[in-house]
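Two complexes are shown next, each including subunit A; its partner changes from subunit B in the first to subunit C in the second.
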Partner chain A sequence: MILHYLKIALKVLARRKFFTAVSLFGIAFTLVVLTVATAIIDHAFAPMAPEVHQDRTLIVARAMMRGGHAMWRSDPGYLLLDRYARNLPGVERFSISSSPRTAYSYIQGNRIQSVLRRADADFWRILQFDFREGAPFTSDDVTQARFVAVVNESTRAKFFGSSRAVGREIEVDGQRFRVVGVVVDVSRLRPVPFADVWVPLTTAKSDSYKSQLLGGFMGMALMADGASPVAINQELASRLRRAELPDPKLWKQLYAPLETTLELYSRQVFGVDEDAESPAGRLWALMLGAALLFMLLPAVNLVNLNVSRILERTSEIGVRKSFGAPVRALVAQFLVENLVLTLAGAALAFVLAQIVLSGITASGLLPYAQLHVNYRVFLAGLALAGVFGFLSGVYPAWRMSRLNPVQALKGAVR
Partner chain B sequence: MIRHCLRLVWNRKRTNLLVTLEIFFSFLVVAAVVVTASHYVGLYRQPLGFTIDDVWIVRIDTNTGDLEPTPALNAATIEQMRLLDAAVREFPEVIAAARGFAAPYVDSQWINEVEHSGRHIPYNVNMVTDDYHRVFGLRVTRGRWFSAEDDAAATIEPTVINERFAAEVFGTDNAIGKVIPQDARRDGTRPPERRVVGVIEEFRQLGDFTTPGNYAFLRHRPSAAPDGQVPTAMLIKVRPGTTTAFEERLARRFHDVARGWSFEFQRLDELRAASHRDTLGPLVAEGVIAAFLLLMVALGLTGVMWQTVTQRTREIGLRRANGAAARRVKTQILLELTLMASVAIGLGVLVVVQVPLLEIVGGIPGRAYVTGLVISAAAIYLLTMACGWYPSRMAARIPPAEALRYE
Partner chain C sequence: MNTTVNGTMIQLDAVEKVYRTDRIETVALSGVSLDIRDGEFVSVMGPSGCGKSTLLNVMGLLDVATKGSVSVAGQRVDAMRDAQLSALRNRDIGFVFQVFHLIADLTVVDNVEIPLLYRKGIGARERRERATAAIDRVGLSARARHFPSQLSGGQQQRVAIARAIAGAPRLLLADEPTGNLDSQMGDEIMAILHDLNTRDRTTIVMVTHDPRLADQTSRTFRLFDGRLVH
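== the complex of A and B ==
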């Protein structure tokens, strides 16, 4: 039966080429936009190297200090992370790194702008960077405050062209470092690992960071298998309740949660500071709602085209109805036709989306992003295409099934 | 004619409803983009108050974090800053240099409130050194900018405000010499009086696409020991044609003078370009998507109208046989479409007007909505006319004899 429907569908689509082309254009365009959006979201949140343990990784990227009259919101400071967030039960490894900052280097009258992050040795154990040359700096390098650096491929190209970098020196932010490793570029959309140059924490220009509760750092915890994020958070919260605050008259309470990247992002979007319930679900709902809203106009457009096309096929439908075809069969037939059209549009859309994504990658709008239509994006795109095909097919199918056979045969349609 | 067309449209209400719905959604899409764009155009045309040609910014990080500075630390910071201020003036490339908490296109704001006749009026505060106005070419319209004559006054804090702020707090009175009311500090003492010594034309710190606000400059005196924080953004006006080579020399000098500190060098025109990109980028993306949506709608509507005309061959043929001119038939088709577009636009306007009325999105003045809606309506009429053009010509060409043969 389905085969039969397919055959009719192809015949119908070939008959009115203008309509088919216009419908395909609409469908393909709609799905290109949705697929590109999905690919960017996927690129920002899906697990991928170097965040290979993303499902077990929690980060501390927000901290808050509150008093009667004042509130101080910032990234956590080294003291908070070092004194209170280390050795939490259920955490296998804990890393402290500085929040990334822009630093400058000068080579023969040219300026090189890079993002510098100061990190510890565990940073390289939790995140699995892909090394092109050399190796990460070690915990020995960190304790000895050796001036060594890991750089990414783009930075290597800027400093040394295509030659090897390990063993050579670079000057960043007025300090000289010896390159010990070169890693593959990591996208800026991945805020946890992102940087151009990584150097040991202890090479900081001043030690004053060690005495600060707030500002300038990020903690990253790798949970043991099966550990509960809730329990870990409770332990950290109870330690922070007992924390020594700098000015007890002014500040009463310290707060810093361990969370996933998605939780962090959704809390920023909704401006929720410390809700036990993470608004990640709400974020998904918002994105899905936006996708549906965007599909509305293209769907109405396609409904219009479909209705016109059905009215043209009045006599065919009249014949089928008078020979006893049930409403269900007609609706099914039309939905299949519409899905065929939608899937053809989706196939076109995937090709176009890949071209658009390559364009975005090449333009450098999202630094170091490598955007692709991968299988997750493909599946999401197919699902969206299905929803779209259904949305735009149901009403015309219903209209079609409601035609009065007698009038339809006469060819009079309103 | 219009009444007649209305009836014709009404008779085919089911099909026409869908067409109207499509035009309605298209109108919403166009309106969203055009209202935003006209809002930005309106903002862009207002004066900025400063020029940033050949201005560089050095953001100084003392690497001591955000904690409240102790007096000892503060004294050291101020001394170090003084050395940097002196160092930058050694270079012949430098025309003027100043420091401030904030600079144009740098998103760092310090906001105070003044209570005036029961209203809380927020204003931006920026503490700057004396040469700040030279770096940015600020235009003083009344009174004067900060100068050495302010050194004597210990208990007052000389203040320069923008015209907008002067008008809002002091109305038509001359603002010079007046005091901006402030609340007492948390410990009960009175802060030094902020007395207005001058009024500048404008200073829109966050740039061309932000809503102008109230602004006040306070004076930072490197020689006096302040109890607060120290301005850490150094602004340098360089001679035209100064290159990165100078930046490199300057950076080396700064790293030598203040060894523990970090410096971030930027050109304000780069910051402006980045700020424009951040503002206009999403709008351009939306515009491109909207344009494609409209192209899709245009093709779709053309298809639907074409189909409609084909279906109505008999009706139109009959009209022609009864003596209607080809032109009249054409007008009829276009008029029907115009009626549907009008209904859609009317509904669309009702919906869009709710946005400012219910204050769903703040900050966009009514003028932008009016301009935006007028332009959107014109665009939609144009679009539907373009879609109806070919089908209406087709309808006008229907030979009556052939059409009637169907009966």
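== the complex of A and C ==
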């Protein structure tokens, strides 16, 4: 039966070339946009190097102090992370790194702009960077405040061209560092590991950061297998309730959640209260809703095209009904035909999307992003194509199946 | 397979068919009562617009009577749901139309397979075998892979007959099967219908305008303004 459906689907598509071309264009354009969006979302959120333990990693990137009439929102400070977020039960490793900030270097009068992050040694143990040269700095380097640095490939190219960098010195933010490692560029869409240059925390120009509860840092916890993020958060919250606040008359409460990158994004998107439930589900629903909404208009257009096509095939429908085709068989036949068309559009869309993604990657619009149609994007694209095919096929299929056979045989259907 | 009641394939009792639009009410059939026995070959005649095709559609379960009762192949069909009517059509009824109604995108054998597609328990191989046998029966084996547009009118009607008999129906409804053919081709089609009737005991109801063809059937029902006349 399916073979019969496929056979007639291909025949109809080949016979109606203009209709097929118009439909394919609409489907492909819609799916290209959605596939590109999916690839960018995948690039931002999917587990990939260096965030290979993403399923076990929680971030402390937001903090808030609240009093009767005052509120201070910021990224957390070193003191908060060091004093209250270390050694939480269920956490295998904990890293503190500075929020990335712009730094400048000068080579032969040319200014080079980089993003600098100061980190501890656990940063390299939680995140699995792909080293092209050398190795990360060590705990000893951090303890001894050695002026060593890991740079990405782009920074190496800016400073040293195509030659090796390890063992050579760079000047960044007015400090000189000896390069100990070179890593593959990490996309700007991955805010947790992203930087151009990583140096030990302890090389900061002053120690004042060590006494600040809020501002300038990020914590990263690698949970032990099977650990509960809820329990870890409860313990952190409990500690923060007992925290020493700088001015107890002004500040009453300190808040800093451990959350996934997705939760972090979703709170920023929705701007929800810190103590509200995670809006990550709402973010997914919003993205899915946007995708469906985006598909709606082309789907309606395809519905109209399909209905027109049906009206030219009423005789066939009449014959099939005369010979006993049940409603479900006719619905299935038309859905298969529409899915064949949609999947052909999807195949075209994947090729076009890869071209668009290569263009975005080459343009540098999203620094260091390597966008492509990987298997996750491919599967998501197929699912979107399936939904699109169903959306645009189900109404015409239903309408076709409801035709009166006598009227259909006469071709007198409107 | 259902058995017919007292050897009756079709029984219509006071059947009325009225088509209604917003403004117009058209009575297509009025008080039509008739019995057609199992294995009969009957014809229906009458002027254009007298209700012949409507009668055939009601017998073929393609249309529902407004009033009266209809039994086909031993089953009352008045209260049947769409799915039941579809199943009954598929199993027991074959149709031959004046304008053939072959699907242009399918080959002869694919067209003939259509009734078998909707029959439960028939696999692809058996479907192909039965379709091939039906094509052979109408003498078109050499054309099985051709498309309808590559055939003459007479050949297309033979394909339509092969499609109608592929599922071995007990009732064949033919709506002016020779109406679009010249007399020689018409005679060929009639010969095939007679062969089906005599060899397979297929009950055949044929609508025709041609008294010469009606004379070849065992009985003729004459319709005028939706009523049976004698």
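By definition in this document, the second predicted complex is superposed on the first by the 412 of 414 C-alpha atoms of A that agree within 3 Å, B and C clash if a C-alpha of one lies under 4 Å from a C-alpha of the other, contacts with A are read in each partner's own complex, and residues count from 1 in each chain.
Throughout what follows, a residue touches a chain if its C-beta (ideal position, glycine included) is under 8 Å from a C-beta of that chain, and two chains touch if they have at least 3 such contacts.
The model shown is predicted, which means the values in this text are computed figures rather than measured ones.
Trainee: One more residue to check, A:A290. First (subunit B), second (subunit C), both or neither?
Mentor: neither
Trainee: Looking at the overlay, what does A:P405 touch: subunit B (first), subunit C (second), both, or neither?
Mentor: It touches subunit C, and subunit B stays clear.
Trainee: After the superposition on A, what does A:S322 contact: first (subunit B), second (subunit C), both or neither?
Mentor: It touches subunit C, and subunit B stays clear.
Trainee: A:K7 contacts which: subunit B (first), subunit C (second), both, neither?
Mentor: Touch partner of A:K7: subunit C, not subunit B.
Trainee: Go through the superposed model and pick first if A:R15 touches only subunit B, second if only subunit C, both, or neither.
Mentor: So A:R15 only meets subunit C here.
Trainee: Please determine whether it is subunit B or subunit C that touches the greater number of subunit A residues.
Mentor: Of subunit B and subunit C, more residues of subunit A lie in contact with B.
Trainee: So which positions on subunit A get touched by both subunit B and subunit C?
Mentor: The overlap between the subunit B and subunit C interfaces on subunit A is empty, containing no residue.
Trainee: Write out the stretch or stretches of subunit C touching subunit A in their complex.
Mentor: For subunit C paired with subunit A, touching residues are 57, 60, 62-63, 82-83, 86-91, 94-95, 97, 101, 103, 105-106, 110, 113-115, 117-119, 124, 163, 167.
Trainee: Touching residues of subunit B toward subunit A in the complex: what are they?
Mentor: 11-12, 14-15, 18-19, 21-22, 25-26, 29, 61, 63-67, 186, 243-245, 247-248, 251-252, 255, 259-265, 281, 289, 292-293, 295-297, 299-304, 306-308, 310-311
Trainee: Considering only the defined contacts, which subunit A positions touch subunit B in the complex?
Mentor: Touching subunit B from subunit A are residues 18-19, 22, 25-26, 29-30, 33, 69, 74, 77, 101-104, 106, 109-111, 173-174, 204-206, 208-209, 212, 214-216, 246, 296-298, 300-305, 307-309, 311-312, 365, 413-414.
Trainee: Taking the complex as given, what residues does subunit A use to touch subunit C?
Mentor: 1, 3-4, 7-8, 11-12, 15, 315-316, 318-327, 329, 404-406, 409
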